[in-house]
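Both of the next two complexes hold chain A, though its partner changes from chain B to chain C.
The block that comes next holds the complex of A and B.
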């Protein structure tokens, strides 16, 4: 078995990204910030996939996180980004802790569909609430981070730097978790649930914990995305958004905690290019790419990197 | 009284529409164990093709009654072209993989078809109001309803009966039921499973296209109409129990009537009542209302 190079890779990536936060042009910071936010959501999804579950409803927690953060600044007048991020994460985690009690009993298609149903309930509620701007959503503007006022024009860069730090911590934690007892149980559950039960471990508990963690990560991603874009709308909870997360997860593969961020960056980059030059065939190219990955690279793009380093 | 009658009637109309989509979806799932996200694109394709064909028919000055035949012809055409194309060209390479992987494959097909539709028909919406307004209105109490709604209900009943007859009364249908029950055993007994798959998928696609074709006169056919249909018909099918035709009918009725009651009495809740019903049913019956229990495999 080759030595685990995840930690050095993570550290180097984060150092580079922090450099980008200070020096890169505004558009690149925006693109990377969005990619990192989505990467966080997909990291949660990857955790679920490792347990053998595909959620077509992570938009629920993404939307919850975004709206919780946005409402804090919009309604409560607390325009502090640190608070908003915490609020988004906690809010999503709390809802996941409740729904997880139920969803942890379901598998395969039924898990996918039930999580989809819950996200569509949120979408329906958001579209119909005129107080929250209905389909248009509303803008938010964070002016401070952890008590420090931010100069205009600098906010986006600061938020991005914060998301890099968050990515570092979360990826590190999850990497440790996946190598731990419980993390390995997750893979065992994917392979054969019944045998895991026979061995005396609680499948339900592992699935539940992973589900709540995935929800919290999606909430955090939602809050970061809201900060990066400066706007929230019900589309964040729509099933196509959830589908996008699933796509990014498939693209990157579940092999490593860095894969979601890499593939989210590729995804956002491609989207920017496609919007510029070929907006009409964007979805089509997504679909073709997805088919190609499923057919030829079932482990995702990450397996390409692995093969090269193994050779 | 009048109120309740109106709610019920609206509900049944909506249920008929839902059932047309859900029947195809549940048939495909029952036989092939594929939850087909591309069903929504087939619905949209049916709508566009119907609007084009019937529009051309009317523009040529032919008898207006023929436009109904054009709607059905559009559905058959879409089914016959797209069904084999998707099944032979794409899905058959994926058999044997996880259900969730197949779900993702059809999701990819959906993404591709969405853009293909935009490339073929453009992003302008198409209108085909004649078949809808032509039969005029009828009255329930003081409320006026388009006769077209009755046609929709009749069509749903017809499709339901035809499917039930084909499944339970014909030789081919019984072969199909055998495949649903045990794929490998049926293959061993000499049933051509590949052909059953092809026929099932084609019929399912045709039903989706029929749903779209019959909807085309009621709406402006525009990009994205398939997106919402997918989750709606998923909800119906999951409520009824995946793979059960009777379940799809009951599920469609439940969802349709609950929705029309919500529209009447609590309009803000309209969008999520459907998913609320679905969540409630799944909580009580984790595999839907009419699903056979399955043995756990070790």
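The block that comes next holds the complex of A and C.
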């Protein structure tokens, strides 16, 4: 029987990232924090993709998570990062639980387009809301974590360390979930919904649960991104943001729970470098990279690691 | 013996085409019944109505006294009626073992891993266990499809052409395995079949369909000797004329 290497790999990644949280320069901490936040969103997207669904609207939950976290400090005066993360996650999960009742009935292009439509509704509402800063958005300040006041300059490192722990816990949970009966059932639904129904399981229920989980993860990612950037704006819910998540998911592949984080880090790194040296053509470079991935590595970058370990 | 499944006055039309016209049948517990008929005679429509995939325009289907019409395939599976398909319905990207684990998980088997090993063994699928379902030969795909249907321990098992597309020398092997698996389990088996040798060898009763109607119902000897069946199902007259 092959050994499960995900857990040790996850533990090593976690240890390295916690080391980076303490020692790495601020710019790297910022880049990695953003990558982890997006990795959480993409992890949820991978869960949907394993069920055979591609959402072009995860920006909805990313935006909701970011705004819920930001509003807690901006309007309610609760500038505790732990509360903000919980608020972002719960708010996104609650909306996903409502929209999922409808979306779990749709498949393929209809699912993709409906999810996109909902994210654009949120984008439109945010752009038109002057109380939420309209197109400019607004800043947020988290001054404490779980009741402990944070020293000035240390906030972002602490938030990043928390996001590393969150990544570890969520990735571990999802890894277990995918190896469980429900995880196998998700893959079975992707292959053959008819057979699943004829075996006596509810396809709708599995899709719904996975959709809500993906929404919650996107909300958590949004809250972490808001804490890392210190600012929220309607771009978080825009369709290009949702497209970026799909891009990262395809880049990494759906083979392992670590793949979304790895590909998100590569994506953010590439974007930073390309912005610096080729600010006008970086989207074109990403497009070419996507072409190459689809043509030569349809299973994503993770297949490279798998091939290497198989060899 | 008591009837486990009773169909009364079933009608189903697709536009001007009548796929079921006043079909009334009852099936006794632990019986093995073959449904025969030319393509388009209404055999698969009958299975689809019993399993909830199609809703009859009129008529009733009662299973152990419970009305089935209006229930979904999932609910009907839960009541104890399972089926295999003419084109095997498998989880192509999953291994044979994972296919069965999915089914065992849905059936809430207490020891899914052990139960899966047992099914693999019983159906002679152990050596294919790690192979993706997409790469299996047709005979093995058929077996796996039947094995999936049996995992839920059904009271009624419906098999849609279990030996179609299978090499002639494999047909009896497949049917022996399937009948061996249901023997002594109290299962009623209804299977759609075109091969009359299989029909005569494995079933105690034959129902012949033609144009959405039941034209003969009885022992294999009686039904296969019926003039209408020989003409419309077996096609003897046409062969003779040719």
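By our rule, the second predicted complex is superposed on the first by the 310 of 311 C-alpha atoms of A that agree within 3 Å, B and C clash if a C-alpha of one lies under 4 Å from a C-alpha of the other, contacts with A are read in each partner's own complex, and residues count from 1 in each chain.
Rule of thumb we're sticking to: a residue touches a chain if its C-beta (ideal position, glycine included) is under 8 Å from a C-beta of that chain, and two chains touch if they have at least 3 such contacts.
Just so it is clear, the structure is predicted and the values come from calculations on it, not from any experiment.
A.B. asks: What does the overlay on chain A give for chain B and chain C, a clash or a fit?
C.D. replies: Pair status: fit.
A.B. asks: Return, as a multiple of 10 degrees, the angle whose vertex is the Cα centre of chain A and whose sides reach the Cα centres of chain B and chain C.
C.D. replies: Given the fit on chain A C-alpha atoms, the answer is 80 degrees.
A.B. asks: Touching A:259 in the superposition: chain B (first), chain C (second), both, neither?
C.D. replies: Once the two structures are laid over each other on A, A:259 reaches no partner at all.
A.B. asks: Output check: A:43 vs chain B and chain C. Expected answer is one of first, second, both, neither. What do you get?
C.D. replies: In the superposition, A:43 contacts neither chain B nor chain C.
A.B. asks: Does the superposition put A:87 against chain B (first), chain C (second), both, or neither?
C.D. replies: neither
A.B. asks: Considering only the touch criterion stated at the top, classify A:128 as touching first (chain B), second (chain C), both, or neither.
C.D. replies: The answer is first: A:128 touches chain B but not chain C.
A.B. asks: Just chain B (first), just chain C (second), both, or neither: which does A:200 touch?
C.D. replies: After superposition on chain A, A:200 lies in contact with chain C alone.
A.B. asks: Now for A:188: first (chain B), second (chain C), both, or neither, which partner does it touch?
C.D. replies: Once the two structures are laid over each other on A, A:188 reaches chain C alone.
A.B. asks: Is it chain B or chain C that touches the larger share of residues in chain A?
C.D. replies: B
A.B. asks: Using only CA atoms and the superposition described at the top, report the least gap between chain B and chain C in Å.
C.D. replies: 7
A.B. asks: Quick check on my understanding: which residues of chain A belong to both its chain B contact set and its chain C contact set?
C.D. replies: 192, 194-195
A.B. asks: Name, in rising order, each residue of chain A that touches chain B in their complex.
C.D. replies: 54, 102, 105-106, 108-110, 112-114, 116-118, 120-121, 123-125, 127-129, 192, 194-195, 239-240, 243, 246-247, 250, 280-284, 286-288, 290-291, 294-295
A.B. asks: Residue numbers of chain A touching chain C in their complex, please.
C.D. replies: On the chain A side, the touching residues are 181, 184-185, 187-188, 190-192, 194-202.
A.B. asks: In the complex, go through chain C and note every residue touching chain A.
C.D. replies: 51, 72-74, 77-78, 82-83, 89-94, 98-99, 101-103, 105-107, 112, 148-149, 151-152
A.B. asks: Using the touch definition up top, name the residues of chain B that touch chain A in the complex.
C.D. replies: The contact residues of chain B facing chain A are 35, 90, 93-94, 98-101, 103-105, 107-112, 114-116, 118-119, 227, 230-231, 234-235, 238, 242, 268-272, 275-276, 278-279, 282-283, 286-287, 296, 298.
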